[in-house]
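Same chain, two partners: chain A is paired with chain B first, then with chain C.
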Partner chain A sequence: MLTDADLAAIWLTLRLASMTTLLLLLIGTPLAWWLARTRSAWKGPVAAIVALPLVLPPTVIGFYLLVTLGPNGAIGQFTQALGLGSLAFTFWGLVVGSVVYSLPFVVQPLQNAFDAIGERPLEVAATLRASPLDTFFSVVVPLARPGFITASILGFAHTVGEFGVVLMIGGNIPGKTQVISVRIYEHVEALEYTQAHWLAGGMLAFSFVVLLALYTFNASGKRR
Partner chain B sequence: MHLPFRSGFIAILAALMLNAFQVYAAGVNVAVASNFAAPMQIIAADFERATGHKALLSLGATGKFYAQIKNGAPFDVLLAADDETPTKLIAEKSAVADSAFTYATGKLVLWSAKPGFIDAQATALKTASFAHLALANPKLAPYGRAAAETLAALKLDVPPNKIVTGENIAQTFQFIASGNAELGFVALSQVWKDGKLTSGSSWMVPATLHAPIKQDAVLLDKAHHNAAAIALLTYLKSPAARAVIQSFGYGI
Partner chain C sequence: MTHNGIDARLQLTLAAFTLDVDLSLPARGITALFGPSGSGKTTLLRCIAGLERAPGGRLSVKGEVWQHASHFLPTHRRPLAYVFQEASLFAHLDVRQNVDFGLRRVPRAQRRFALDQAIEWLGIGALLARMPATLSGGERQRVAIARALATSPQLLLMDEPLAALDHARKNDILPYLERLHDELDIPVLYVSHSPDEVARLADHMVVLDAGRVIADGALSDVFARADLPLAQSDEASVVLDAAIAQHDSAYHLSRLDFAGGALWVRTSGDPIGKTVRVRILARDVSLTLAPQTGTSILNILPARIVRINPDTNPAQALVWLEAGGPLLCARITRRSADILGLQPGMPVWAQIKSVALLR
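Let's turn to the complex of A and B:
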């Protein structure tokens, strides 16, 4: 059945997905809000950059991250100046990679939710002398709640399912960067099919349950 | 308005299909272990000039090729990174008996992208003055196993969290070449060209520190009548091919 290393991979994956989702909500919310409200000429280019991870092969993202995080890359030189060393092969390196990789899965549902609110509730709030910040937390966040839930679930699930990026920048260190998907890959490559089945089957069940919850929730949300 | 578009579409479709047939009919599909990529690209070009047969190379890990071949992958020849996989394929009747031979003996090298980082005594390795040492996964790759054997023979106890493992030797090279790992064990062929190191610094791992890395080629069962595949295996033993193999630092 599951070995200690398998359990370590599961625990690591859950930690990675939680941290990534949290950061993505913090980064994605203002970004999605700006994308939903702005009339700037930058809207198109920024939206395109946010959507890039949807179409790029994970190996491309992973390869560029490896180069950027490395000692000669932009992020690598920055983290070295801070005395942090290279982020590749570390948990935080994986977090950076996952944030990039799952960005559209959080930003796009949020942006759609913000778009759907429209001008009217904001104008009403303004006439009642609500400050922009007050409006955001008292009006926008409650109205966009389904968007936040969709964004969190998709961001979390997509990070759990991440493989190519982690393979490229992780270095497969047990307990540190060896996530479930990489562990499954190693089992398959080493012809340990029984162990691979345990993890792969679990992943399949998990993904189905998450998506089922998401679609059930969305359907009930629409009926209300 | 619609007609030109449609006929254009059909023309493209036809061209694609024709192309697919051509590729399928004329070539030898060769599964090549990652470490042998560079010499094999030269050998394949020479082979095509010499015989008119085209060798189509797929690069990857030997373990993955094994699983793919067992599941019907359309390869004619396997150039493995070890001698166990070809032996196993023959025993399981997935490869032609007696067709296996050692086309190259791999050499392991400790390499860093930084010039001067590794000296003649491999001090950097022995004093563990690094944040990350890269090696291919010993469970999956012969060069990884040789690297692990070398660490054991040197009685070096590198903390597990300082060791990063690549899925194959090409990925291991990438970790080091990008500077994310200061040093690591790669195949000499990856950093060696025409009798000298292409960049960085290195330490040749003495062959006594690990079991020999015998890399065997084998004719796969589905290609046992494929003249082009048989010609390629013959060509690999020719003096011209051997000269290329040796120029990348392999033993024969």
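Let's turn to the complex of A and C:
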């Protein structure tokens, strides 16, 4: 029913999505905090850049990433100078692409959660001798927990579901850059509909369960 | 020039108004910051807490400089505690964790307050395992006060802690605040727009209007100032501190001695010798030229008229009286004042219909 190549694609997809989600939480948390708190004139432009992947065709993002990560691109030159070679058509190239592509799905729920906390708990914490960093971890993070959960689920699921960006910067190298969505594409091209059904049906079930979990969680969070 | 209390010289322009104060406040007891809403009470409190920055301001507390020129001690490094109007408990922590939040962050050597003591004082022992969402408004505010005290602050700031509560809840909490007053040896700044609360709790009083200080002094002196909005309101009153001198158990009355004489009030259960505070509303005082017999009024004091001021209502006048000690105030009609021919310097008898024992 599932071939070794299919299983390799599933394993690669899960690795990619996990790594991407982890990096997105590390990058997205300070970014969302800054967006929620700043009064800087840069807030608008930065928020717009973060939201770009929502509206751009994945091919556009993939194209620019391919150019930048490639041997002649700015990042490509840099990674080559570090002795890492070009990231294009590698797993880490996919990670970089996925981080960019899924960024708004992590930053926006976090920013909403931070906005909802408001000024008061931070002021209370300050009058109780908590430094800003202390306050962030002891007050903001626990109060924004639903936002972190939503952000993680959306970031993970959205990465699992990407196709265009992966194909542009990763190509279709089995075991290295061939994720589930690309694998399905290959099955369909080869008219292997049974194989395509297994993977496509699996993705459908996975996505439904994830979204169901998310909405159930959000609904119970609101009732509390 | 620094003394042991609080020295604050702060100016801050916000959208609608400018705060401009230069205050020197006592190191002990409760100081009320009193004024109508929008007068700058809360802004002043926030500046003292460091939650609001007043550029160029100066602030020192108990000889320690918190703000001066470019020096600005951030809020979390100021040894203060702040009770907000809404309890603002941390929703993700239970009551014990809320109270513990500040305490844990105070170095052991600076702790002068045991957690158990804060819990016992505010009567929240039975609530420790509860989450804030399950508490009543009054319970939440008591937890917030305990949480503030647990940090062993050098200065306690309270921003209308009772304003969000209904009358019954207020009366639940006031005794706890009075206890703080009696047992804490740190200064407390208490923002309020309720003359009743202020009269019950405060020793010292600052009246703010449109961002400026219009009066600053001992509570009974400020209450007795005819030029303030306080005297112009329906609640015009005087506040006296008196000592319980005698109990009359047959009639359930107690005699209070103060510098201006003696007052009989209903026995409250306080022991002889205890200093209590009473408030006498101007509208509860009437005047006669000779001492009355055949009256049901118990408290009749000889006094001398100091001055007669017009009142908010053109039918009435406020007559300020000196009775040996602090001033008394009577609200009577202007017609009565004319019929009796009242003049400053005249001896009269003040008939006091009701004396409110505040504490």
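In this section, the second predicted complex is superposed on the first by the 224 of 224 C-alpha atoms of A that agree within 3 Å, B and C clash if a C-alpha of one lies under 4 Å from a C-alpha of the other, contacts with A are read in each partner's own complex, and residues count from 1 in each chain.
As a working rule, contacts are C-beta pairs under 8 Å (C-beta built on N, C-alpha and C of every residue); 3 or more make two chains touch, one makes a residue touch a chain.
These numbers were taken from a predicted model, which means no experiment stands behind them.
In the superposition on chain A, A:Pro45 contacts neither chain B nor chain C. In the superposition on chain A, contact of A:Pro57 is made with neither chain B nor chain C. When the two complexes are overlaid on their common chain A, residue A:Gly201 makes contact with neither chain B nor chain C. With both structures placed on the common chain, the touch criterion links A:Pro30 to neither chain B nor chain C.
Judged by the touch definition given at the top, the superposed model places A:Ser86 against chain B, while chain C stays out of reach. Applying the stated contact rule after C-alpha superposition, one finds that A:Leu143 touches chain C and leaves chain B untouched.
Of the two partner chains, chain C is the only one touched by A:Pro121; chain B is not. For chain A in complex with chain C, the residues that touch the partner chain are 120-121, 123-132, 134-135, 138-139, 142-143, 145, 224.
On the side of chain B, the complex with chain A involves touching residues 61, 63-64, 66-67, 131-132, 134, 137, 139-140, 160-161, 163-167, 171, 174-175, 178-181.
Every residue of chain C that touches chain A in the complex is listed here, in rising order: 49-51, 74-77, 80-82, 84, 86, 88, 90-92, 101-102, 105-106, 133, 147-148, 151, 157.
Interface residues of chain A facing chain B in the complex, by the touch rule stated above, are 63, 66-67, 69-73, 76, 85-86, 88-89, 167-169, 171-177, 185-186, 188-191.
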